[in-house]
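Consider the two complexes below, in which subunit A is the common component and subunit B and subunit C are the respective partners.
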Partner chain A sequence: MRIVNVAVAALLAGTMTGLSGGALAQERTVKITGFGAKSGVVRVFGVNSEAAMKAAAEEINKAGGVTLGDGTKAKLSAEFLDDRCNAEEGISVIRRIASSDAFVAVGPTCSNVAESLFGILQKKVGDASDSGLQFPVFADVAAKGGLAAISEWAFRNVPSELEMYKSLFAWLKREHPNLKTIYGGVEKDFAHSNATYGVMKKQAEENGFQVLGTGEWLLNDTTFSTQVREMRRANPEIVAISAHPFTTCGVLREMDRQGVKPKLLIGLTSSSSIETLQGCAKQAEGIIIPTSFAPVTPEAKAAAENVSKQGGSMDLHSAAAYEIMFILKDVIESQKIMAKPDTVQADRNKMRQGLAALKETKGLLGTVGRTNDREAIKPYLYVHAKEGSWQVLHKPSS
Partner chain B sequence: MDFYLGLAQVIGVHTLLGLSAYCVLLTSQVSLAQAAFFAVGAYVAAILTVIFKWHLFAALGVSAVVSGLTACAVGFPALRVKGLMLVVATLAFGEAVRLFFFNFTYQIQAGELKIGPHGAEGFRQIRYFPEHGWSTFDVLVFIWLMVAIVMACLWWLDQSRAGAVMRAVGEDEVAAHSAGINVTAAKVSAMTIGGVIAGIGGGIFAHYTTHIEHAQFGVILATFAIAYPILGGLSNVFGTLLAVIFIQGFLIEGLRFLGDWRNLLFGALIVLAMNLRPRGFLDAGGIASLKRMLFAGKESSGA
Partner chain C sequence: MDLLDLIDAVQSVADGLLFGSTYALLGIGFTLIFGVMHKINLSYAAASIGAAYGSLLLLSGFTAPAIVVFMAAALCGGVIGALVYFIGFKFIPVANPLATLMSTVGLLLLIDEIIVHTTQGVPLAYPALYSDVVVRLGPFMLRGDLMFVFVLGCACMVLFLLLLYRTRLGIATRAVSQQPVASQLCGISILQVNVLTFVVTGILGGIAGAMSGAAIGMLSPLLAQPLTVKGLIVTVIGGLGSIPGAIIAGLIVGGLESLFQFLRGVTERDLYIMMLLFAFLVFRPGGIFAKAPGRD
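What follows is the complex of A and B.
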């Protein structure tokens, strides 16, 4: 009898071990790799994107993870590689990711990196004469207009700055009919700032504002006295600055020092971040910026808290990275992606098809439309700096 | 695998950049203009293949000639200054060229798109390689063929009288002049050869990155250009190659997994390498030791 008991116990133990082993074998992890600048002047964007991706992965895993094509459940994990905002390094990073089992990558931060690495991707899907890399890349931050058009393997979850500034200047014309003159400032050597200034200037002119002049500086500049002196001479009613937080703050402080006090300040989308408030909250008081993120919905508030726990801060760029992780989860499930070493190219094709087929996605501020050229149409609002925080000034859709 | 092939491409192109500075350094001229010649080569080759639809080989030939002529033109006035003044003068030239491309716009309509350089926004869609079906491996073979040709030419130059003249000028300019060497011709030739090599390297760079803009050709690239041969050693051309592998292969790519620590280690490891090998990775002593080891093996087997 004792022998029988021992045999049964051994059988049960073996069965349990087998079961738990089987269960463990079912527990899989799908890694999503992000990349962008985690060094240099714009490193904060990479830090925030990484935190957002990790926060989103944690939320997805808490809700049960992702269901793969063979029915198994998997956890998502996120890792992030630094490309130092350098095009050559960006290409190396994407080749490194594409040499692994990854079926998609999220990034980059800088538009100049996106220009290069979207260029090495195959331009048109199925074009046998084009030997470009066949690997889907989903951009979260690179904001220069029209980048996804470079390749059918490139996707972006970036707001349309053309739409945002078009709407903003039309609103300014309605709300402030007494303001007529505007002076621009642009971080000339940064692709995003430079391109967006073109948009701002055009929209200002189309809405009847008189552009009195433009001050130009570089991303690494630290003195702005000459540009602000010219601005003071022009004596504009509105000053529109297309620059990132670091030089935006430099210019605003110089304006404060020289006593330049326009009736209205307008900023670049990327400056609606915590860095601007940390750098120059007093001088930035009142600056109006269109943005595709503000913690105004319960989802957005919760996401901002989650990202904060991961050591980042939520702004329109990191919000895009956060949303992308949920979009990828949906596409993995709808396209039945297997995430196995022997299905890598098939998974990449499915991911590309799935992303290209999206007509709309769920965003933190509401539904995000998707265009045929793989860009996003994101809901946006205007925020302004008030008493050291970003507060909603106007919701154009309401 | 694709990643390693891509990395080998980067190493190849940076080797060309380093070799362009190597031949200038042979005459003891420290030039920070190599990035500018590289930029000239990049823009010229890209304009020819993208706008004028030239074959890449022809475009690279023209980019080499234009960069060489530019370098020759810089070489003559640069003769008036030496040492640190030459560094400043070539740095100023490099910045002037960068700012030229910062403001340079030359676009034509191609269907619905405009193509060509567009000032600060750069020059996109330089897609000769993928559009002509070149695989990553094909591009790699082409780049290393160019590197091999350039290294062979420089090796031959080093063994020739012209090379001896350049080294003599580099060792002691006054003594070389006293010995009847035309110092001006040696220095300008070195600068011109460096320009030609940078032009070829820049042309290839534009095509494998598919997008170029002024910011890529600044002081940092110029510093890398002279760092490669100095770190590698000026005894022969292979030192530059070793230095490029060390910087691009090990410090930049190999240490990427370290995240933020990589940038801190980058400078520290270069300083350490220069302290351990103050005359470069491949100095004359090291080469002599290598030769002794190789020939000793042959002699003993022969005996």
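What follows is the complex of A and C.
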């Protein structure tokens, strides 16, 4: 009798364990892997992207998670790998992600990494002669224009700087008709800064501003006296700086020292971040920068708070990562992604198709359009530095 | 070249000379360690920047005046200097200079990574003295903070030379650098001299790091690499082991770098400094103050 009791108890225990195992199997977690710079001077971008991805995953999970193709509810989790803003490491990281069960990756931070990395993806879907990696990559930060055109597996949720600066210079011409001359400054060795300066210069000229000259420096330069002296000699009414916070602050400080006081300052999108204000709030006072993020809507405010709780700060780059997580959730559900080890390539194809089919997505500042070449058309506004914070100066759409 | 260009060229050289004092201090550090141990410490500039970061960390709870921050940097530099000796030099066989060189490369990367991970790679504002002062001499303009950096750099060099030529430690250091075995037989502790050399050069490096931070207004992990390269160039041009050479070469490199930037632009600037280094290596490998070969 005792033996029978023990056997029944063991059977029951086994059944319970099996049941709970089965129940646990229902509680699946789908990992979305982000990658970007978490080392070096642009580490902060990676830190912010990771925090944004985690904050978004938490929001999605709170609302019930994501429904997979077989009806299973799954939780989303985000992990983030470091590519050190280095093209070789970026390629190595994406190969590592692609060798796992992942069906999509989010990143990278740097345009030079994106440019090389998109180059190893298959250029045209279905091209049997192209052995490139067939893996969808959704860029959140890399901002150099036109990168997604490199491969049909590449997608971006970054704002179009061409549109932003086109609008900004047209607005400047309307609002400040008395200002005629402009002097540029550019980080010559950084793909994003260099490309955007080309956009700034072209738009300035097309709007009738006279470009008096350009000061050039390198990303890790520390002295700017020669460039600013030339700027002082040119005596421009507007100074447009296409550089990241570190050198932007260096140049602004040197301008302050040499008494260069233009009537208007314009900055690079990436400098509309907290680092610029931490580094040189006094000298940056008044600088105007177009950006695709500011905490101006209830959703944007809540997202900024959530990202802050995750140890990051919300700016135009991390906002893109936050939005991407919600876009991925929708595509996973609409494309019935299975997220199983035996459906990896099918899931990747579905994910690519789903992303390519998007015509518009929901963004923190409103509806985001999608172009045929897999780029985003994001709403934007102009902010300016005022008393140590970024404040909205103008909303072009309103 | 019109008058305005000439004025700008002179101004560029003046700015470069003032900033060059930081290169000179770094060059002294490189050269002193080479002079005493006949080994290159490639982690020196990274340790200097690490010391400047350390000073900010040490005083993070206070609003300390810039001069206190500089002193804290010197202190941190001394501590890091001693650590570098014990980690990268003490236990590596003297007869294996390549192993020491590689260990200092490792230390360079280690210090860099520690800075990056402690600060998340975010550049930090560094205080400067007289940053608002601008001295105008006719058409020329001299930055108060750079002039302070220059004066402080010169004062450190003088104090260092006094230490080297007027104190027992200096005599011991020179003795060890010239005749280590004879020095040991005379009762000089090689270990003690080596440690103190690293501490003293660490202090100098800490001040150099603080001066770089003050002159630039910011500290960034990106500084370690260019300062390492500049320190090495200064050491080679000045002559390995020559302290006056390091001082003169530091000022020359600073001045020429700034002048080339003005004349040829930022993309070509470093090319000419490298060509200068190449010219010295080919035509005067002993540096500016090359010594005639002696019995040592």
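In this section, the second predicted complex is superposed on the first by the 377 of 398 C-alpha atoms of A that agree within 3 Å, B and C clash if a C-alpha of one lies under 4 Å from a C-alpha of the other, contacts with A are read in each partner's own complex, and residues count from 1 in each chain.
Everything that follows uses one rule, which is that a residue touches a chain if its C-beta (ideal position, glycine included) is under 8 Å from a C-beta of that chain, and two chains touch if they have at least 3 such contacts.
The structure displayed is predicted, hence computed values, not measured ones.
Once the two complexes are laid over each other on the shared chain, residue contacts for A:E152 go to neither subunit B nor subunit C. Once the two complexes are overlaid on the shared chain, A:W217 sits against subunit C while remaining clear of subunit B.
When the two structures are aligned on the shared chain, A:E375 is found in touch with neither subunit B nor subunit C.
In the superposition on chain A, contact is made by A:R253 with subunit C only, not with subunit B. Using the contact criterion defined above for the overlaid structures, shared-chain residue A:E161 touches neither subunit B nor subunit C, since it reaches no partner. Of the two partner chains placed by superposition, A:E323 touches none, neither subunit B nor subunit C. Of the two partner chains placed by superposition, subunit B and subunit C are both touched by A:S39.
Touch criterion met: A:S225 reaches subunit C, while subunit B stays clear of it.
In the superposition on chain A, A:G279 contacts subunit C only, with no contact to subunit B. Residues 39, 188-189 of subunit A touch subunit B in one complex and subunit C in the other.
The touching residues of subunit A, when paired with subunit C in their complex, are 39-44, 47, 188-189, 216-223, 225-227, 229-230, 233, 245-246, 249-250, 253, 257-258, 275, 278-280. For subunit B in complex with subunit A, the residues that touch the partner chain are 1-7, 10, 102, 120-122, 124-127, 129-131, 133-136, 208-211, 213-216, 252-253, 256, 259-260, 262-263.
Of all the residues in subunit C, the ones that touch subunit A in their complex are 4, 8, 11-12, 15, 19, 113, 116-117, 120-123, 125, 131, 134, 141, 143, 212, 215-218, 220-223, 225-226, 258, 261-262, 265-267.
Those residues of subunit A that touch subunit B in the complex are listed here as 38-39, 81-82, 84, 87-89, 91-93, 95-96, 98-99, 112, 115-116, 119-120, 122-123, 129-133, 144, 150, 188-189, 191, 194-195.
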